[in-house]
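Below is a structure I'd like to ask you about.
Chain nomenclature is as follows: A, B, C and D, assigned in order of appearance, with residue numbering initiated at 1 for each chain independently.
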């Protein structure tokens, strides 16, 4: 149960940050960073205890002992609910991403947040707690618990420190996720009850539920519950309507976390739960899911092109990019899933960086309207250069992580649904168009003398450089990431074939 | 009356003795502090006896059955009554007029709630109900210079009178068929038409049972304010003194539900499909009406009133589902008891906070604007209220979530898909207004004039309740086992 | 109830109504003697025909209903008292075999009937639409309702001792000793409450002529007035009958036949009540009510507790 | 014979109640109500419950209704109440509830007609009632006493006017 330490450290870090506010203004930011660092160290320590070959060995999905780390303790034996935490390559990647972007979001909020700093940092830390919990919880109810718990601090982040329309955006975000979450809960309970009737005992453990012999129609309904729950979070077309509002209205750190991490929980859920739990139902449903994914790719891109709001544009681009994840997951071959996983990491980094730039602009210019910008390169060359880089990454320029990811997804999809792969690749072209529009309207063009905002600070630069390096590494040595997730994907695709 | 009888009745006797002592004290020496002290001691004594008899299962005369389940409910009620006392003291101490009798009535109303929980006989059912109702009537009208509270009291009096009449008529019809007022003898033998009494026409005898049960159902729905019998609830909640709003929303409703649960389970009402259909309709309407009408409320008391309507709609699902699951409907007990306990603690936090606001503003009502900026002025209380609201919304780590989990489990096992979908829709709507409350707590404090700094006992009570709600949400196993093994 | 009882019913009615009529004359005569004056003495021997004369006058008088009155209630009111008083006689045991019914809740029946009598006074006062009548009616209601409580409670001692509500049983239970000795407190309260119930002097505050002209029956005349008076005197007789039955052994007694004993005792109490009228002045209204709640109620409760304790103790011994 | 008396008394009770409902004058309505209560008492008597019958008269007819009349006399509303009542007796107010009640009544009487009728009622004596009140139902009596206490305290509090001192405190 070492994994529990991770959660406890982050949770206490949140509380400490809140309390720290009372001692010195600005102390809570350092506390947050400190606790994230401690969490990272403790994760490293855990990993260092695992013999190196284990990382490369294919685990058996149903057998938790073959996973990297696994721990289980009874929690509510009445319903067979246990406190079951486990880590495999997939979770590991996402947990690392979460910790990294967590630190980035703390830096992103460094100067931006003036009021109630302590509580702000506390909410960031608690969101991270919830997200990491989602990535490592392997008991369905525990998973659901973290799934919901991460919403509350996120809601508060948007509702308290958000921009002009924050109340509505926060509400929309919460209600969408909560209602779909309830559907998912219903599906979970239904699944557990049918397995209970077969096994004779209650269990919500992932490993017990994998062996369900549900009839196909029932499995389809339950699968749909999970699918909707995760797709809303992803967000897949047509459940994406909450996302532009939430991303736009959230404070920078909130947007970074939302786009960088929270969306990934949906994708993670699809890979981890939806398909493995209901392989046959998923096969039947795959065409529809892929159609939704492809629509998301194209539709998101088209809408992004129409935006004049910096954050909104990036938000719609997320819809488009996450469409690739849906494609990758439901194409269900090693190549496509690898692409999807890659996309999670790469998109996390690039979008987080873009939102950070957007936040920095808003903080300096008090607007997100692209039409009021232009020629900013002149006064902020560092920021301009970074923006250029991340936009290029986001549109999928070869040599960066996003290219690898989208290429893998499309390659994988082509083996299954060649025509849809062709349609989806249109998303790459449109992506290039809106991305270039973004950079042109904001940083390029005639310089405006009235706008002379200060450039990025050293601290922000360090975070940006870190993300930059990350993306380049992903693009040039993708094998580093692929090696970690490969065993898991091998295990999944060998046990379940669509 | 044997020794065990007296032991079983000791909590009620403790309250009766407490009420008598209070009466004498008020007659000779008016002192609010002393009165509060005696009331608290009374409740503590009652709690002591209740904890002493948790394992006791004893039928004391046909009227009352003391069993672990009802003892559990009683513990919840007395605990809440004790907290209500603290809150009331804060509320009353700066108010004009004679405020001592308030606590006497609180003790009597609590006694009514315990009698109601222990009732296994229609006579004790109605007596407990009326004892609680009459004491509450006095409590609602307590600030009788206030037009709002008088209006609320009269509404409560008239409507609860009407509902009692419906109940009594229903009881009379059942008695006409079965010749008994004792729960176990009521309907248990009547599951099949041929057993029904008259040799001439079992059909009509069955109709008579249905008619009687329908009247009882209507009467109980009034007391539980299920839609469409809910009209009085928001007005009465709004007009009552704030601590009494809490009492009405928690103990009063809880006790009626506890008694109904027992009547339903022991009386085996689930054998009548018509009754189950009626409950289903009530449940659906309550969930939808309660949640939809809560959306537009600015007054927190009214909002909580509508939310309570919805919550009792959720609770009914357990009753409806239980009938199809087990032959005697006994499986309804565990989920609904858990849900109810969680709901009561949760709601008491919210109403307690309203009372604290009303006490510091010296006003009856608390609007959304009154809690603006609470997060920055008093983070501890804001956290308490947030936990309470999240629990009402059914977010994990709170008692509300475990309750909802139970309801889901019951519903799925019984295959009540329609009710479950309504539940999901209702919860979705519900989140909106709970979040609105949380949101207004986070807004800029400058727009609000209230300074909220309740006295220590109130703060401690609210924190205790919050810890209870979190405890029930995080570590539910002990209570689940207690409920499972003892039912 | 069988048809054979019809003559007996007739006999009771005749006796009671006739007795009440004679009583109007007898009371005035007796008061005259005690107050050292003559009383009615012109018509017939000792003025006995005065009764007939009064009756003739009242029966032939114009039956007038005030135009401002509530007709319906105004007419109903006087009948109520007569009916309820006469009904009460159904349970009075005049002798071991001379009673109409032996109801097992006979005593309560008597209380029920006397509690109904209050309507007549109240409604009469209300229907007259006259402020004196209204005040009289209000006084009557408060007074009678209050004293009804003590009246009922004072008799519970008797019930405890005899173990029955049946009046016949109560009389038979007094074979070994009349209840006026163990139940002297009960008797005391019962007599006072009885006077208040029948609103006779000295407790005739509902009709106190000095303050309220004639109180509730200010507007009444002729036949309706007769009924009020009839009811009042029937009440007096009933009260005496009940005292006899409950406390003085009813028909029990040596030498004479039971009916005679009963009649003698009852007659004695009637005389006693007339004597009270002559002897005691009328209290103020608030004094009357205070007497009830602060003196009578404690006394009856003490009586009740003591009787209960003693009865338990005796049973155990 | 008993049956005939029962139906007569029942008819009287129903008719009197019906008339009581439709009176505009409160006193008239009350008188009919008293009649109805007396008829019900008579039914109790016929059914072998003389104790209940007498209590019905003593308590309902003899005490509660008297208090009603007393209150009406105290308030002395005069004709105002009658006028208000006359407006409320508009058919549009009562016709639907009456129809619903009628349907209920029909169903009820059909159902009750199917029950086994008890032709020889057992007379319950006062003693038996007392024994059961102080035996199995002693708790009910005790709870009822608490109920009355609650009613008393509540009525005392609500009914009391604010004393001068309280009013000053209120203003100050």
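The rule is simple: a contact is a pair of C-beta atoms (placed from the backbone, for glycine too) under 8 Å apart; a residue touches a chain by one contact, two chains touch by 3 or more.
Note that the structure is a prediction, hence the values are computed from the model and not measured.
Taking the mean Cα position of each chain as its centre, C sits at the greatest distance from chain A.
Ranked by how close its mean Cα position lies to the mean of all protein Cα atoms, the top chain is B. Look at where the CA atoms of chain B average out and do the same for chain C: the two points lie 53 Å apart.
If you average the CA atoms of chain A and of chain D, the two centres end up 70 Å from each other.
The distance from the centre of chain A to the centre of chain B, each centre being the mean of the chain's C-alpha atoms, comes to 43 Å.
Per-chain Cα centroids separate chain C from chain D by 27 Å. Taken as a contact graph, the chains are arranged in an open line, each linked only to its neighbours along the path. By the contact rule set out at the top, the touching chain pairs are A-B, B-D, C-D.
If you check the complex, the residues on chain A that touch chain B are 75-79, 116, 119, 141, 144-145, 148-149, 151-152, 155-156, 159-160, 167, 170-171, 174-175, 178-179, 182-183, 185-186, 189-190, 193.
Considering their complex, residues 375-376, 379, 390, 393, 395-397, 401, 405, 408-409, 412-413, 420, 424-425, 427-428, 431-432, 435-436, 438-439, 442, 476-477, 480-481, 484 of chain B touch chain A. By the touch rule above, chain C contacts chain D in their complex via residues 70, 72-73, 76, 103-105, 108-109, 111-113, 115-116, 118-119, 122-123, 125-127, 134, 137-138, 141-142, 144-145, 148, 152, 163-165.
Here chain D touches chain C in the complex through residues 25, 27-28, 31, 34, 50-51, 53-55, 57-58, 61-63, 66-67, 69-70, 72-74, 76, 123, 125-127, going by the rule given at the top.
By the touch criterion stated above, chain D contacts chain B in their complex at residues 104, 107-108, 110-116, 136-140, 142-144, 146-147, 149-151, 153-158, 160, 162, 166-167, 169-170.
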